[in-house]
Every structure is written in structure tokens, then in C-alpha cells.
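Shown below is the structure under consideration.
Which chain is which? They are A, B, C, D and E, in the order written, and residues in each are numbered from 1.
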């Protein structure tokens, strides 16, 4: 099985370049990446809402009122539903469910992918063959239909259940990437060296290999969180998982089943969708940050344009190095045969 | 120079390693087992306080020999004796006990230290595993001082990428010394280092050999450095030993055609401007190790090849200089001469 | 009579811009003459590759050429400054006038195209008028010249051995019969036997085709044997330049001396190897004055203050050599 | 108001010229299956099976007590205890393939149901089936009083076609032959087109072509209705006024009359303290049916149940016992509180405590996707809090919910009842002791609340098997009394048989004034409606 | 060759595993088609009908799981996927035959277009670092983070309507009969535009990004520098040297994405009332229609496998290194 090189080349630490900076600076550099920083700030904001959302929500999200289908106003920032429920409160309270499912599913899937991917890569042989076959099967079976089917089999699909289902069905990609990476790490000299020093297998896996996988694991985690959030919202939207607990999918479910857009109640439909998109973007940005951190070549930051002394801007590009000072650009240099030394 | 006999620490006899080639579905039908004959019938003796060099071109199996002797690979055949008693270990406590006596230094100092751990971690582990932690701080300092990384405090909490190549290689050596071994297997310890740093590391190894009375296997493809650094030199070609003996003799009076080719090919500033094919230059490329040539493995490239060379495997023939031998049919009658 | 073919003058290369930039090549002036092999030696990081890439303006992104000129003297016509060429002119100049052979041939050959395709590509780009048959014939001839039989034309790079690939690269570099071939460590990945085979072939080809070679390596013993003249680089500057024999027998710069004393000799009596103490300089924090002074056994006060200029050594008075060192009898 | 740029309706032309009627259902892509017996067929799903296959008697679904209209049978006669039926078959009726319909065909239509359990969807216990001349005689093993309409509305199939079909339960009947005025012209998964026959035993309808389009979901159907590309449908449209009616107030109409089936809050009568009828009555007194109707049912879908007896009106008007004639549901919190205090409950601040002193809490469950029921529950939850009952709404997985309801593992849930020609079906479904099973055992097909009342069981039995109307009336009155006093379920809404339709191109639809049949395109009465339609301009 | 054989073994195994999962999952689902049908008709179907439905669907007979499994395989090999419950007694294969072309036409073509467009844009973005194209990345990321269905519904609300060129639902004009006439095809294309644009918008950024990153990685390979050094025209370097190599890893990604043709865009089909296979799955899940569910799942899995196989073959053709005879 040759794993696809795409993800692997993209994430393979480029030895010297990564190693060039001290570790502390490296960590800081990740945060200093503007994409990652933006993503992290937005993410932190959502996490905060997830924690305090239910407390700061102005209304009980399920409480009915007499303001039926009201457009946004000072009283109801995001308007109300057909039952007079406050959509702003629903969005606030719903954040928790989304973040919980996303993070938990991400954790479950990441844990599984580590367990399966790293073991497969490190153990090799028959264990590798069977574990890779397993993850390949999971990879080939399309996740969303599988999740839909599995979720609909579970009698009480609460947030926890949904998170588990998503987590249990979406580890394969991460496992595959981790396996490939472990496979390459396993052959690294420092792993052999640790073995030659007399380290035990589990110590090699946990202390020698795992730390070098953190970026990939983190990126896989973020990727799964995105996927989990999307899946959760999708499940809620099509009415397969529970809608007992508020989350953005539930809001959309209600909006859709009450045909909010046809009723002209855009405020019912738009905030939750935008929240998803913003959260998704934030997570993607974090992932870019990780990718760029791991593979500095991908960094597009820095100067891509250079000012020459005569005021032109030149773009840096492969194959045509910019020349900053062009002395006499047009006139050819006079051959100086006279100066030639006589030897 | 004469070879003085000192105590044998580690010896390998008939060491053989065949890497199975992954078999395709189609091969399942054929009964033949394909394998890379990486090392065949190798004999090496490491003695206390002596450096044995193993030279040979890339892919000739040098690293494999080192890893076999460090018991990192299981061997296909042969025997490894530590102080005369045969040992075979695969992991576990026995492996630790063995690793305590025999340590290995890897070719690439940039790759053999884990970029996520500090020097302290690497050395502490080496000490702890082999139960030498004792006064940890004290021992760590001693280790670093042994490899001339002084003052030790300056290096202890550095990450590998904060060190230069030479310093990294010293840390690797220190880690190997952490086990307080008797034999050190150094797999091309300087090939990845800059010219100006190489010498420092080699001198350090020589110094350690003398101070700690270590038995060192020095693997290299640079035959000139073997001349300077090793007491004894063994030449490997395509997984087999072809020549061995006192370093000065092997490099100055090479007997085997392959050794000659190697020495002829090495750049030589004294041959200024006369670069050209040595007259007895053999063409061709190293043989496939999956289906190595029969008889002497060098025969397809050898200008002196005789019919016998391609059919019969040459045994070791003793040469006039003491301890010098070559596995080449050219020397069949040599003793008689 | 030596005529220059490539004159590098006051050449500077920076990596990055502004405060975070490092100056990898500083004020290098070097002349390659027609038909000669000019060796460029120095330890890792001294800027050899940067110079080679800079001359052809092939430096990867953070690199910028911050000064200097590279004057090329074509076989016929007026000399011109490579740094001032437009993209289109530069494309024309490349390979037809100056070609490059890199260290790793596997990485230099596009893995997905046949050797022949990559070879014909060049001919097509530079001599569009040539008929396909003529192109193929040309490519085949060239490959034959470097010892690759015509039936390997349609092989993919991975189907060739390392030595063959390197020969393909050399063949490709010569296919347009350029005036200058720059070789950046073309043989370090090969073992000595193969290295010698290839270099021998190169010498032969040079005799036949008459190109000049800028040969880069850190293996001084190889250079001494192979090249006509040698320039030694340290910390982004040329510190010494001399004919091979002169450099080998009578090096003037302490660094060159140190380099020479770092290589164990295979033949002859065992020389004492002293090596060079200390470690290579960090480009970000270059020592003041002569950048070698912290490691130099002969350093004196001035060395840490003034940067020595490359010039004809006063003690030798040989116009063919130059050195940058404050020691008596060297830089004026 | 008649701006309609869409090509679909435009081809109808405006005024007088309409020839096509566009009917829509939100049922997703269909497969070509015209088998009228199978609910899964596109014919059933979209309703066009009734345009091809006609009943013996046309019974008005919203007035089941009215005598039916002779259709393929000109006369029918039951014996006193409804175990025997004699039918006189109409002469001169021809199938669409030109063959005449005979009593044989009618007998065969019954026989095929008798022989195939899978086709006998009403589980009618057929006895003998005999045909002679234009008469068909049927016997039944039990009284069929409660099933009489089901038997009379049996549709007739041609024996000459069906007798050649190997397995009528597994045939998709690509070429349906019936007595109705239309035949299938073309089928696509989206649209089935029916075209008018050139002869029919009655006057030919005015609609030349019927296009049944199946939209993927309610949204798509609603959009189609709103923009006029669909002219008749049966679908739940939230905020129907804004979304549908206001789009073309002059023409976009709807009429959703009740039939004899209800929806309500089923209560598990085995759970304490809900086994106490007083508590159930009190709960009934606080539930706001207006809110449920307006917010949960968009103000039209399931009509309110007004009568305390749970019998929907006007469909069941005639069945309501005299003493309950005026007993209407209304919210009366004080009465509820009184009811509770009388029964020993205590309202302790915001919390209702049962006689043992435990706070009364209840979990209301329904499947997550059923947004109208869930909305109803939210409202009920709110209402219950006015008498201190702490309710929570649990949105369950549909399958788990079914299982729990079936096995009696629930506190309370919105659920429907059966419907039929008389309120018997409602009551039987709610309180029949014969289908009572202990909590934990499933397969009950009714009485999910485990309501145990021998009196009710007896009354039900009497009603179904009585030989005279007086016995029936008294039995039904008993049942109503039990319903009012014990409230085994709290009725909220009536089942509907309605439709949304556009009068832009066609007029003559049933409505409040002209209640000749339910306006649902998938009901048998749809044929009657089609026969009644006239192009809009012709008036 | 060996590579292919290995792949074939992998495919067989995966197919077996998927089919087995496919068999078991529906059987683990609580609930059955009859109760689902009851739910659908909420009261319009009387409880008496339950029994007749069980009989009709053949659910009154109980066979052991094992014998069902064996039967299932027998059926699969005969291409018999059983009868759907929702559309009883229409064979599942007929339903699939009816809906598959729509999905393939809409989502398949869109996915392909998305791959092509995204890859081309990615090539440019990666080649000209820091150019406008590169700067648009965050925008496309945002677009791709929007859930499909949300975008689709918004598009319907904003763009579709009675007066709009875009129809809001369906695969073609109601009343038209599928045929190869210009009228029908025109209608089909018109109906597919909005869903196609939706899919395109939300999926193209992924391709741009992976391709850009691969381009960046490849652009620093030596052979690119060599290609520049050879003085080749820039386009040739970009396309034949950089993009050609950068594309390789994406081929398998593309194959995997084909798996999502059916799975991932199910929502688009739901939202746009598109008569495709994703909608079938949705229906089947809702109705507990195991045979249909199995059929859809089978089609999905097989199409993914076939796509993978094609990708492997493409890879084999594109990358000479894998062609190496072992």
C-alpha cells in the first residue's frame, strides 16, 4: 500500500528548516503565523461562548413568547422563531453542543487514529497489513452516509452519542497519514539509536516517535473537528440526531422545517449558518497555520515583493532571482581587453 | 606496524544477512525466495583498545554489519561472540545487557538525535537505562567532558538543532559512552560532517579508544581516513570481505583488485592535473545484491579475472605481510612464492 | 592567452530582506577563463552554491542579488551583463551559454518524463528550427558521448543508476555546447570509483568541446587534482585564488592551509593532520574584520578590525594568484 | 395578482382554456408502479390511482355518516348485523381496454383481497363471495358495522388482467386498466401524466390532462404551490398565510376539514400520578388548543378538536351524546386547579405535588424530525407549567420512540389514533382492553397508554357487534362518558383530509360552503373533485 | 503489475468488508419499514393495515442471520438487490438505475469540474506566490466552510423563484419525459445549474489549497530549478514540470473525493429536490428501507472502489516510477 503522498509530503518536517530555530521560538512562531493567530482567536471566542453562552443568553432558548417570527430588534437581536423563541439565545446556547461534539469527536477520532496509525506504522508486518486494511476500508466507505446510517440506529442519539459515532467513523484518514509518517520516522536514525541505547518499544513510541508527530496529530485533530462539526450540524439539520439539545444544526432544522426562508424569516436561518462558516474558517486557518509551521515552504507570508533601488517592485519567484541594483541595465559592458593581464 | 594481540571483545563469524525482497502476488507461485544478499560470511574481530576500519563503497553492506553486530537486526546466519560466548538477543532485558557492552554511533549526527529532546534527555536516558544514573548531574557532566563538550552546562539543555554537526556527533558519542560500553560500533561517524570538523571527531574517538581502552569498529568509505585512524582495515565489496590487514599495508600495498581500484580512484592531490582513467581501471557498476555474481563478486569488473573467478568463491589467502590477507584467486600460490 | 568568458564582479547575494536578511555571498569577484576548470572550494555553508545559483539568477525565493555584475563574453558578439537581462533574454542565455549540473542527479531529472523528453525539451526550447529527427540525433550523439547507449534514451530517470543519471545530466548540460558549465558538487553522492569515471569523461569532453567549467566541491583533494585554478571561499567571500599546484604546495591563506591539512592523504608519508579548530561562522553573526580570525592561529589585532581585500600577494608577486589576509606578505 | 411568469401554468392559458391540472405531492422521486393495492406505489403516493380505479360506492370522507353515492354499484344492502352484503353492479361500465365491467370483476376484486393477506389492508374477514348476473353477494365472519365504508369503497379491478398476474402483491402493474376516466400517459420519477379517456360511464370531466408531480420535500412542494406551478396538493405549510395564501390571495385557497380521527397527547395511564383521571382532566383543562392550532399546525393543518368527547366536528357532529353537545374544550386554569385540589394534589408555589407529596413531572416525547408534534409539545409543556407540572420535551429517535410507545415506556407523547366511518375507530384505538398488553410488551397496535377499563372494552364490543342502532348509540355514549371523565388521552387536533388548491385555472373545488368531499388529492374523493372542476373562465 | 495486483487484492477485501457492513448495519437498526410507514401516514393508515404490510413485505418470516447473509451474497452475485419497501415492489436495482444517472451527471461532472478548476487555480496560486490568486485563498476557505445545504437553501431563496432563470427544484421540467431531446437536456442543464454552482463554490477551495501546497512543495524541487536553468518557456516549466508532478498526489485525493459524490452531496440533492441517489439514501434511511439502503450503499462503495481503481490506473500512467517492474 502506498499511502498518498499528498498529505505526507505536505507535512513531512523538512529537517534542517524546521530544526533551524530553537524550540521555544518555534512554538511562538506558530502563534505568530497570522493565519493561525486569527484562527485561534476566533476559536477561543467560540470556546468562550461555549462555556458562558448559557449564562449570558438573554432568554431561555426554548421559552416561548408572544413575539412570533419577529425580525431582529433590540429585544431579540437575531429575531424569534415561530414559537417566539429568541434565536440569539439559541445560537449562544447552541455553541456548547457544537463545540462539545466537535472537540469530543475530534478527540475520539484522533485517539483512534494515533492508536491505529502509529501501531500500524511502528509494528509493521501482519499487524500493519490488517490495520491498514481496516483503515482503508473505513476510508473507502463514505463517512457521511455511514454516519447517517449509524446515527439512525442509535436509540438515543444525544450529543455524546453523536460525537462518538462521528469519532468512531472518521479516524481513518488520520490513521493513514500517521501510519505513513510513523513508517518514515521508524526508519529514522534517532529511533534506531534509541533502540540501540536499549529503550523499550513503548518508550520509543511514546517518547521518541509521538513528539515528532504532534503537528500532524494536531492538524488531523483540527481537520476532524471541522468534519465533526459539519456532520453534527448535518445530522441535526436532516433530523436524524437529537434536537433536544440546542445546537446550530437544530436551529437550522427548525428554520428549515418551518420554511423560514419562504416565510422571509432570514434571521432564523442566517446566523447559525454564518456561525458554522466562521467556525469552520477559523479551524481551517489554524490548520493552515499548522501546515505552514510544519512545512515552512508553504508559508506565503513574508516579502514576496521586493523594491529595487531604482524604485521598481520585483516579485520573488522561482527561477528568476530579482536583482536589486542594476548598474547599467541597458548599455552592454565594454569589453576590457586592454585591462587583461599578460600572462 | 605489527598487529599486537590484545583481548578480543566482540567477534563475528560467518555473519550473513539476507533481506527478503517483498514478494509480489505472482512470486507466490514460484518457489524461489528472492533476497538482498546484503552481508555474506563476514568475519570481524574487535579487540580492546584497537580500531578496526571497515571500508567499502556505498551499499556494500557496511552499515548492515554494524547493525548486525549491535543486534539491531536479526541475522540470517553466523555467530556473534561477546568475550567468547555466543549471544543472540532480540529485545528485552537481555538486549539491554548486550547494549551495555556494545554501543553504536550512527552515521548521521543530524538524524540520530531526536529533535524534540534536549541533550540532557538523551544522555539521562542512556545513563538510566543502564543503571548508571547514580549522581545524575555529576555523571552527565562527566560524559560531556569526556567528549570535550565543555563547559557541560552550556550544552546540557540545548536541543539538537542548536548544536553544530560536530557537537551533535559528540553528543551521540556521549550517549553511546553513557552505557560504559566495551565495544563501540561507529557507522561512518564523520561522513556527514564538514571537513574541518571531521578531524576533531576522529581524534576524539582515537583519544577515547586510548583512554577508555575501547574496541572500536570504524566504518567509512573514505579509505584515506582508515589509513590514518585505524589499526586494522577490512575491505568489503558487495557484502563480502575481500581484503584485510594492517591499515598501512592495506592502503599502501593493496592486494585485491578491488582495493586497488578503490585506492586508485581516490582523489590524490599529488597526481595533479593528470586526471584520467587509471590504466587498470575496471568499468561497470556494482553488482545487484539480489542475484550477486557467482564466484568472486568482483569478477565481472575485474581486469585480472580468470575463469575460476566466476565459478569458485575465493577463500582468504594469507599474504606475506603478517595479518594481511585477500580473498582473491590471484594469490592462490602466493604463500608458495 | 587567457580570455575571460565569465566575469563575476563585486557580487553580493542576500537571503531575505531587511533586518532578518543574511548576506550569503559578499563582494565576490572571480573570473572564469575560456577553456579552464575553475575549482571553488570551501566548507559547507560558505556560499559556494549560492554563488553558482546567483550567477545564473536561479536562487530560490528569499534569495536576492543585492549587487554586482556578471559579465558574460559570448563566443561571438559583445559581452553583456547577465544581471541586466530580461526574462526572455535570460531564458535564451541559460543552457545555451551557461548550463548547470547539480549535486543530486535524481532530483535534477524530472521523475515523470523520459530522459529523451527532457533532453529534447532543451533543444526544442533553444533551437526551435531544428527538425525532430535532427533533435533526436543530437540528443543521441550527446548521450553516446557520455557513455549512455541510445536504447536508454527512453528510460525514465528511476530506471537508471546514480552514475548513469549523473552522466545524463552532464550530457544534457553539454547538448547545446555552452561556453560555461557550472557544476555544483556533481559527484558527492557517488562513490569514488564512479566519481573518477565521470570526471575522467568530463576531462575528455572538455578537450573535445572546449567549454569552461566552474567546479564546486568541498573536497579539496579532488579539486587539486582536477582543476586548473582554485578559489577558496570562506564566510561568503573568496579568501584565496591560485593555480591548483600553487595552492596545494604553497597556500597563503591560513584557512586554505587548514583545509589542506584536514584531508588525510592516501599515499605517501603520513602527514600530520591538524584540521581547523572551531566551527564555521554563523552568517547572522559574522565576526568583524576577517571572518576567519576567530579560528585563525595567526590572527593578530588588525584581523578583527579590517576586512582584508583580495589582492595579489605581495610576497609572491604572481599576477595569477590573489589572497585576502592581513598576514605579512599577503594582502597589500 | 395573477402575475405568473412561469411557463408551466402559462401553457394552461388564462380563462376558459385550461386543459391541464397540475397536482403535486411532497413524496420524492417515484418509481413506475401503478399497482392500486400498494401504498408504496406512485399511484397511491400521488393519488392518481383513484383516477383509474373506482369504488363501488363513493363515500364522502368528511361526512362518513351520510349515505354514499352509488358509483360502480347502484345498490347495496347490509343485513341487520352487518355480516352479509348484497351489491347490485352498474351496467354499461367499460374498462379502459374496452372490456365491460361485470359482477365477476367485482367478485374478483373481493376475492383477490381475501386470497392475499397482503392486499387485505383493512383485515376484513371475508366469508363467501358469489357473483350472479349483476349481483354480488358477500358474507363476513363477523359484524362489519364499523367497517362498512371500507368494504363499500373497495375499488374494482379487471379480472381478465389480474388473473394473469402471478403475484399481485409484487407486481408493479405497468399497464393499469380501470374504469376511471383517465389512463396513464407517461411516467417519469418526477411526474406522472394521466390523460382523459374518450369514453366514460358518466359525463367526461373537463380536465383533459392530469399532471402529478412529486416534489422531494415539503419545501419544494410549498414553493411550487406558492409560485403556481402546483395547483393542488396536500402538504404542511408553516405560516401558510404568508408563505402560500398571500402569494395570490384571490386564488390560493385551502380547505382542511376534519375527519373521524384525532391527534392527542397520549398519557401512560399506568404511571403514577398520571393514573389519576383528575390529573389528566386538569391537564386537559390547561392545554391551549388555539396555540397548538395556530403555532404548531400553522393555523390549518390539523383542525382543533372542539368537543370534550374527542369527536372531531363537523364530521362526527351527529355522534356526540346530547349531554356533551356543548361541552367544548377551553383553557380554564382555575377549574384545573380546583380539580387538582379536590383530588388531593397540592400546588406548592410553582410546583404541583401529588397526594403523596412528590412533585409532578412529566416527560413529553416525540421523534425529533416531527416538527409539528414537537412544537405542540413545547406548547403543552408551557401550558402544563401553569398548574405546576414540570414538563420536559424529549426529542427521541423515531425508531426508539416507536418501540417505547409500543411497549408503554413513556410518560406522554403526541400520537394519532385510527380513523374510520364512526368514532368507534378512535375509541377502540384508545381504550380497547382486548389489545391491552402489560407495560414492556409490544405489538399492541393501539391503547399505548395501557388504559384499562373493562367498561370501555365492553362498550366497544357492543358497538361493533350490535344489531340495532339503539344499542350502538348507547354504547357510543358510554364511550364518550369514559372519554370525558377519564381522559385516557388528551385530544388536541383532528386528523385532516384537506388540500391546498388554486382557483386560478380551475374552479369547483370543495370548500366550507360546498362540502361534497375532502380536498385531499390522494383520497378516493379526488375523482369526485376532478369531475366537478370547471375551467376558471367558464363561469 | 505487482502494484496492480496488490491493489486488486485490496479492492476485493474492501468490497467484501463494505458489503458485509452493508449487510449488517440495516439489520442492527431498530424499527422496521412498517412502523416507518405508519409514521409517514400519521393516522391515515389504520393499525389493521400493519399486519397486511408485514405480510406484504415478507417480514413475517424469520430466517437466521447467517442464512440471510448467505442469501444476501447469492443475491449480490446475481445483481439482485431485492425489492424496495418504500417503492414496493419495485426492485432496488431499478430505482438505482433511475436515480444514478442524475447523481453522476450532476455531482460527478461538478466534482470533476471542481477538481479541474480548483487544480488549475491552485497551480497558478502556487506558482505565483503572493499574487492576487494566492491572496484569494482565505475567501475561498470561508466559502468552503459554509455547509452545502445552507448555501443551497440561500441560493434557492435568493436566486430561484417563479421569475428567475433558475428553477428551485427537480432535475427537469415537470411534464417532460426524459429523452435525448434538446428540450429535455436543456431543461436538465438549467435545473442542474444552481446545485452545481453550490457544490462548486463549496468544494473548489479544497482543491485550490491542496494543489497550491503541492505546487509550492514541488516548486522548490531541484528539477524545477533545472528546468528554469534549461531556459524552458515558463509555461512549460509550470505545466509540464511543476504541475505535472504536483498533480500526482492529488489524483488519489480526487479518487477518494469521488466517494463523496454520493455521500457528501446528499444534502444538495435533498435541498434542490434533485432526483439522485443521495436522496434515495435519505429516503431509505427514513423509511427503514433496508434493501434500498443496502443498494445505495453498495453503489456508493462500488463507485468509490471503481474510482480508486481508475485513480490507480491514472497514477500508473502518470507516474512512471510505479510502473517499474519489480
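Throughout what follows, a residue touches a chain if its C-beta (ideal position, glycine included) is under 8 Å from a C-beta of that chain, and two chains touch if they have at least 3 such contacts.
On a predicted model such as this, the values are computed, not experimentally measured, just so you know.
A.B. asks: Identify the chains in contact with subunit A as well as subunit D, in label order.
C.D. replies: Neighbours common to subunit A and subunit D are E.
A.B. asks: Keeping to the contact definition above, tell me which chains border both subunit D and subunit E.
C.D. replies: A
A.B. asks: Just how far, in Å, is the C-alpha centre of subunit C from the one of subunit B?
C.D. replies: 33
A.B. asks: Starting from the mean Cα coordinates of subunit B and subunit E, work out the distance between those two points in Å.
C.D. replies: Inter-chain centre distance comes to 56 Å.
A.B. asks: What's the distance between the Cα centroids of subunit A and subunit C, rounded to whole Å?
C.D. replies: Their C-alpha centroids are separated by 45 Å.
A.B. asks: Indicate the whole-number Å distance between the mean C-alpha point of subunit C and the mean C-alpha point of subunit D.
C.D. replies: Centre separation, subunit C to subunit D: 92 Å.
A.B. asks: In subunit E, which residues are in touch with two or more of the other chains?
C.D. replies: Only 6, 29-30, 129, 156, 220, 225, 227-229, 234, 248, 270 qualify.
A.B. asks: On subunit D, where are the residues touching two or more other chains?
C.D. replies: Residues 223, 369, 399-400, 403 of subunit D touch two or more partner chains.
A.B. asks: Could you list the positions in subunit B whose residues touch two or more of the other chains?
C.D. replies: Not one residue in subunit B touches at least two other chains.
A.B. asks: Within the complex, which stretch of subunit C touches subunit A?
C.D. replies: So the residues of subunit C in touch with subunit A come to 1-4, 16-18, 53-54, 57-67, 69, 71, 73, 78-81, 83-84, 87, 90, 319-320.
A.B. asks: Which of the residues in subunit B end up touching subunit C in this complex?
C.D. replies: 57-58, 164, 166-167, 194-200, 203, 221-225, 227-229, 251-252, 261-278, 281, 283, 285
A.B. asks: Show me the residue ranges of subunit D that touch subunit A in the complex, using the header's touch definition.
C.D. replies: Where subunit D meets subunit A, its residues are 218-219, 222-223, 226, 237-239, 242-243, 295, 368-369, 371, 374-375, 378-379, 382, 393-397, 399-400, 403.
A.B. asks: Could you list, by residue number, the parts of subunit E that touch subunit A in their complex?
C.D. replies: Where subunit E meets subunit A, its residues are 3, 6, 10, 13-14, 17-18, 21, 25-26, 28-30, 128-131, 134, 138, 141-142, 144-147, 149-150, 153-154, 156-157, 210, 213-214, 216-217, 219-220, 224-225, 227-229, 234, 237, 248-250, 252-253, 256, 259-260, 262-264, 266-267, 270, 281-282, 285, 293, 296-297, 300-301, 304-305, 308, 322.
A.B. asks: Sort out for me which residues of subunit C touch subunit E in the complex.
C.D. replies: Residue list for subunit C touching subunit E: 53, 56, 58, 60-61, 87, 90-96, 99-100, 102, 104, 107-114, 121-122, 125-126, 156, 158-159, 172.
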